[in-house]
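Same chain, two partners: chain A is paired with chain B first, then with chain C.
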Partner chain A sequence: MEQRVHPISKALKYVLIVVLAAIFLLPVLFIAFTALKSSSDLLTRPFYMFPEKLQWHNFVQAWEQGRMSMYMKNTALIALVKVPLGILIEALAAFALTRLAFKGSEWLFALFLIGMMVPMQATLVPLNMILNKLGLVDTYPGIILIYLGFGIPFGILILRGFFRTIPKEIDEAALIDGCGVMGKFFKIIIPLSMPAIATLFIFDFMATWNEFLLAQIFITKDSMRTITTGLLAFRGQYSANYPLMNAGVLISVVPVLIVYVAFQKYFVSGLAGSVKG
Partner chain B sequence: MKIGVLKPWLFVFPALFIYIAVIFIPTLYTLYLSFFNWNGVAPTKTFVGLSNYTDLLLHDSVFPRAVANNLLWTLGSLTIIMGIGLMLAILLNQKLKGRIVFRGIFYFPYVLSGVIVATIWTWMYNPMQGLFNKALELIGLGSWAQAWLAEPKFALYAVFVAAIWNGVGQPMVLFLAGLQTIPQDPYEAATIDGAKPRQMFWFITVPLLRETFVIVVAITMVSSMKVYDLIYAMTGGGPAESTHVLASWMYIQTFKFANIGTGSAISMFLVLITLVIIIPYVYYTTKKSHL
Partner chain C sequence: MTKRWQAFVGLLMIALIAAGCSSSGGTNSEAGSTSGTSGTSSAKKITVSVWALQEHTWIDGAAADFNAANPDIQIEVSKYAVDPMKEALKVAANSGTLPNMWSTWGGSLGSFYAENGLTADLTQIAKDHNWPSLYNQAAIDMGTYNGKVSGIPYHLNAVDMWYSKTVYDKLKLTAPSTFEELEAQLQAMKDGGITPLSLGGKNGWHVMRLTEQLLEHFAGPELHDKLNNLTASWNDPAVVQTFAKLKEYNDKGYFPKGYVALDPTEAVNLFYPGTTGLDIDGTWLDGNIAAAGFNVNDFGVFKFPTGRSSVFAEMFQVSADLDQATLEATIKVGEYLTSAEVVNKYIDSYGTPAALNVTYSENTPHLKPLLDMATKGSFLITDQALPQEVVQKLFEAQDKVALKEWTPEQAAEGMEKAAADYKAKNKTS
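Take a look at the complex of A and B:
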């Protein structure tokens, strides 16, 4: 949809967009300015002025004292186990839902969909009891299991949506070639679905990276914390040292920014794809 | 033959098992717990029927505030966040130089965690050194400076401003996807008939975006009911419990006050409201995918 518009109104729109974009970037700029100042600089120099001397060591200090590397390593470990495992489990289910027509498959799909809407709050106490019984409180297997559960509805929605677009003739050809059901799944459906799987991988990775509520409840040991709860603890500890706190924030933004810039097209197409079902 | 019937269930089993263990059974058990008084550690629970629910509705001083805040949040999201998202989508759907970059800028805050967004904005609202008060001083409006997050009158709105920054990217991207499916012909026909841009917006764009609206409204309403991270990490529900929403009040009741029954009842209110919003949507989606 490209509408032909008057040049003046086009210019006005452009100005509007640029102004809005500037407003959106302002918080990040303010954070960066603060992070690069010294504490005295912060008090004496106007906020809009460039730091007198760039205090790069704020970042080093935040990284070390804030134990950022530890929190990031913990989060990456959880995400790198959870995400591929989740996708495998979700793909198996989505495969059954789309390729092995069976009684009740529609109901099953609706059941999974409803799970996407259940507020996590409604599960916390019983999950805590279950983890306690299994001795999985404050362990990575425990939190990964819970993350797997909450990822399943969205994963199935995305993968089922994509599997449906793969023509059935391709599967039938595979059957004639003597592929079993497992062969069909691993040799046909999975390779053909790589775009959807890549999208889901990135989405799920970010969701796991950013998750807060479950991490807050089920991981209480500082040495096991993830980046969200770790940042909050760091913030509590250095709430008076603004440059250091902002350096910590910026450090925690960087990995997200890198993933985002590298995979921008997946974010956009993935979100749009998820709703076409 | 037996294996043939079982086969799909073998494929579904891991997902179904984990799903039922993590979401389904715990939710039902929370429903059960909501009929009891329990502190989470005592060996016995006292059955109290519906009194956790009636106490919340009649005697809890924060619950009505939390419900009202959730409703305000929903209303604000459906008007302001969705409105800005739609406006950005329409602007960026035209051939503008650098529109990919702009799209990236507006969407970026959405990929940040609530805790990061909260920390950034808490700093911006800092009474002494924050951007807002400093900027007000700079333009001679220093007397307007506030402790934004510590003032019950402003706190919720201050958090919501952070939510706007955080959230407009999502509806924007969904609307952009919707706009790209709209064909060119109706606009051409309308132009020939002398329609004004505003008329084209209301009589062509909006009706043809109907499906996108259904999705965006459903997602927005559900996420407004679930809002938690930003509020917890910016105000913790304060000042004077003025910014609590159902999710944060549930957390406090359950994990700070150890009122498991009350916390469970709040969760059930959340589940109920969410299901009322979502069942028509799920019905619509599964039905549509049959066609």
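Take a look at the complex of A and C:
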């Protein structure tokens, strides 16, 4: 029997949701206010005040002066190669770990997880030496390879967890129907794992889009820089153009929002499945 | 489904190959010319990689001018913000991948590269090319370590007191000439509802500009120099008085609210509209005032009532790992980028040049008065004069005194211990 929810408790629930949403949205609102102010408006009036006069041209200026189209194109190129390729590699590894019965698969999984424990900062010097020896500094394959390496452990953790929730009986039925190993992977496992893959896509896209440390070390040419390092152009040694910087930040989050909206219907179920078993 | 996946994988591979092919980001650069240890020499062209700061906007035009006039040399500029630059340089130094030439600061910040044999010895070149007639000698000296010139200077910055004329006119004040007068003005501003000092404590260096002037006042020039050279004990009454004065200013509310964690750029933002009365800042502030939409003529400068100003230099250091032809090309590039010709052409965005015989811009009216003050007497700014380990202790001491975790006496003791530890380590290593 369905339990009736008291109208007051229902109203309280909504009030709580609205309050929480407001708390989370407030910083974004202040970023928007700052982005729409002139420098003198920002400096002469409190930051939480609505702009005296809306400076919509800040967005145009940020786009043009900050060369954001170039930085966003570079970041998109890296993310759109790295994220699908990473997920494919991670899915193949997770498939092998969960579906191909071989000795030491648990140990191999633990070995992959060690990758998550290595601090990125500790790898900068050896990675720089390796990339230089291979002639891959200031190349997209160079930075993509590093991103792939750092992303694989997390991807395997998520996908392995989800693959384990798919009943083995389905594999057997596929085998009887004449499916080979790769057929099982592409025809059975991958379609059933779309929620986990979509979740991973969102996480991985966000991480790649927002990555700063590796990009600033391994990409030294301005024409190849990514959006996070490009946004630093608004900040000098002794000064910062906060209105343009905030306008730039708002522009830069649009692709992440689009990816999130596109994949959000899978998000919760993907996350829930990945941590089972 | 399989076909679709095969197509997907195929497309991915094509995209990866395309990414590899377009890895130069569409620029017409030469193969392999990156942050490598030496310039890429081909039969005809030498590529000189230069790492500069993000705000060096003038360098793009200057490099383009140079490239057009020198078909045998190609300048390749990479720009970084301040902290990323420091980080990228340390990584490159440790992995042997420094560029041909990089922007850095004089004193103990640039000494790391010189003392570890990573920079070319430019002493003979400086003599042969008669640098003392081209650059301010103080700027050359600040990039000289153990008698070896290690960098081509491009900036010589002087730091002193800036005041808001709006605030001073409102309170009927004039620039002070004695320390007592300055202190009376700080209180007058506080009483008038204006925060006197526009200083932010985050990262330490902004508040340090007050600390070093207080130390100059209490210790006098001779002891101040000895403290910076670590030849006198930091556990000295003058140091205690300095920290006690910082504490007093903190207790009296002379700094902006929450200044210990306040970013210096945000602290200075309070100065432009007259929310605060005074800032201790450098020759570059005119440009920042104008960029923030305020009038530079609404501000004035005066000498902190001590004998000397704080100064520091910025320079291009040159990699030690270059063959002769690349070294010569790099020096040619460095001397061009720091020349009076480039300075005069880009003076509005160049900053405070180390080059002599330059024409200052009308848009930076306070630059010359500040440099004139420094000419009468100067000391190297503290975070470049002291070893970096001791600098970090000074920043910690400033914060802890403000947060009432340390007494001024404990701060002086902490400084002395850091100096002793550094000397002991340096002696044994």
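Note that the second predicted complex is superposed on the first by the 209 of 277 C-alpha atoms of A that agree within 3 Å, B and C clash if a C-alpha of one lies under 4 Å from a C-alpha of the other, contacts with A are read in each partner's own complex, and residues count from 1 in each chain.
The working rule: contacts are C-beta pairs under 8 Å (C-beta built on N, C-alpha and C of every residue); 3 or more make two chains touch, one makes a residue touch a chain.
No experiment lies behind these values; they were computed from the predicted model shown.
Peer 1: Touch check for A:Gly135: first (chain B), second (chain C), both, or neither?
Peer 2: A:Gly135 contacts chain C only, not chain B.
Peer 1: Considering only the touch criterion stated at the top, classify A:Ala32 as touching first (chain B), second (chain C), both, or neither.
Peer 2: A:Ala32 sits against neither chain B nor chain C.
Peer 1: Quick check for you: in the superposed arrangement, does A:Leu232 touch first (chain B), second (chain C), both or neither?
Peer 2: Both partners, chain B and chain C.
Peer 1: Just checking: does A:Phe102 make contact with chain B only, chain C only, both, or neither of them? Give me first, second, both or neither.
Peer 2: first
Peer 1: Once the shared chain is lined up, is A:Leu124 touching chain B (first), chain C (second), both, or neither of them?
Peer 2: both
Peer 1: When the two structures are laid over each other on chain A, which of chain B and chain C touches more residues of chain A?
Peer 2: B
Peer 1: Per the contact definition in the header, classify A:Ala198: touching chain B only (first), chain C only (second), both, or neither.
Peer 2: neither
Peer 1: For A:Leu80 in the superposed arrangement: first (chain B), second (chain C), both or neither?
Peer 2: second
Peer 1: With the two complexes superposed on chain A, say which partner A:Glu90 touches: chain B (first), chain C (second), both, or neither.
Peer 2: The answer is first: A:Glu90 touches chain B but not chain C.
Peer 1: According to the stated criteria, A:Ile166 is in contact with first (chain B), second (chain C), both, or neither; which is it?
Peer 2: Neither: A:Ile166 stays clear of chain B and chain C.
Peer 1: In the superposed view, which residues of chain A touch chain B and also chain C?
Peer 2: Touching chain B in the first complex and chain C in the second, residues 42-43, 124-126, 129, 217, 229, 232, 235 of chain A appear in both lists.
Peer 1: State the interface residues of chain A toward chain B in the complex, per the touch definition above.
Peer 2: Going by the criterion above, the answer is residues 1-5, 10, 13-14, 16-17, 20-21, 24-28, 30-31, 34, 42-43, 46-48, 89-90, 92-93, 95-97, 100-102, 105-106, 108-110, 112-115, 117-127, 129-130, 145-146, 148-150, 152-153, 156, 164, 181, 185, 206, 209-213, 217, 227-229, 231-232, 235, 242, 245-246, 249, 252-253, 256-257, 259-261, 264, 267-268, 271-272, 275-277.
Peer 1: Which part of chain C faces chain A closely enough to touch in the complex?
Peer 2: Where chain C meets chain A, its residues are 1-2, 5, 8-9, 12, 15-16, 19-20, 22-27, 29, 32, 34-36, 49, 51, 53-55, 76-82, 84, 87-88, 91-92, 94-97, 99, 264-265, 268-270, 272-273, 281-282, 284-285, 287-288, 291-294.
Peer 1: Given the complex with chain A, which residues does chain B contribute to the contact?
Peer 2: 5, 7-9, 11-12, 14-16, 18-19, 21-27, 29-30, 33, 40, 88, 91-97, 100, 102-109, 111-116, 119-121, 123-124, 126, 129, 131, 134-135, 138, 165, 170, 173-174, 176-177, 179-180, 182-184, 187, 191, 197, 200, 205, 212, 215, 219, 222, 225-226, 228-229, 232-233, 246-247, 250-251, 254-255, 260, 263-264, 266-268, 270-271, 274-275, 277-279, 282, 285-286, 288-290
Peer 1: Write out the stretch or stretches of chain A touching chain C in their complex.
Peer 2: These residues of chain A touch chain C: 38-40, 42-44, 74, 77-78, 80-81, 84-85, 88, 124-126, 128-129, 132, 135, 137-142, 144, 183, 186-187, 190-191, 216-217, 220-224, 229, 232-233, 235-241.
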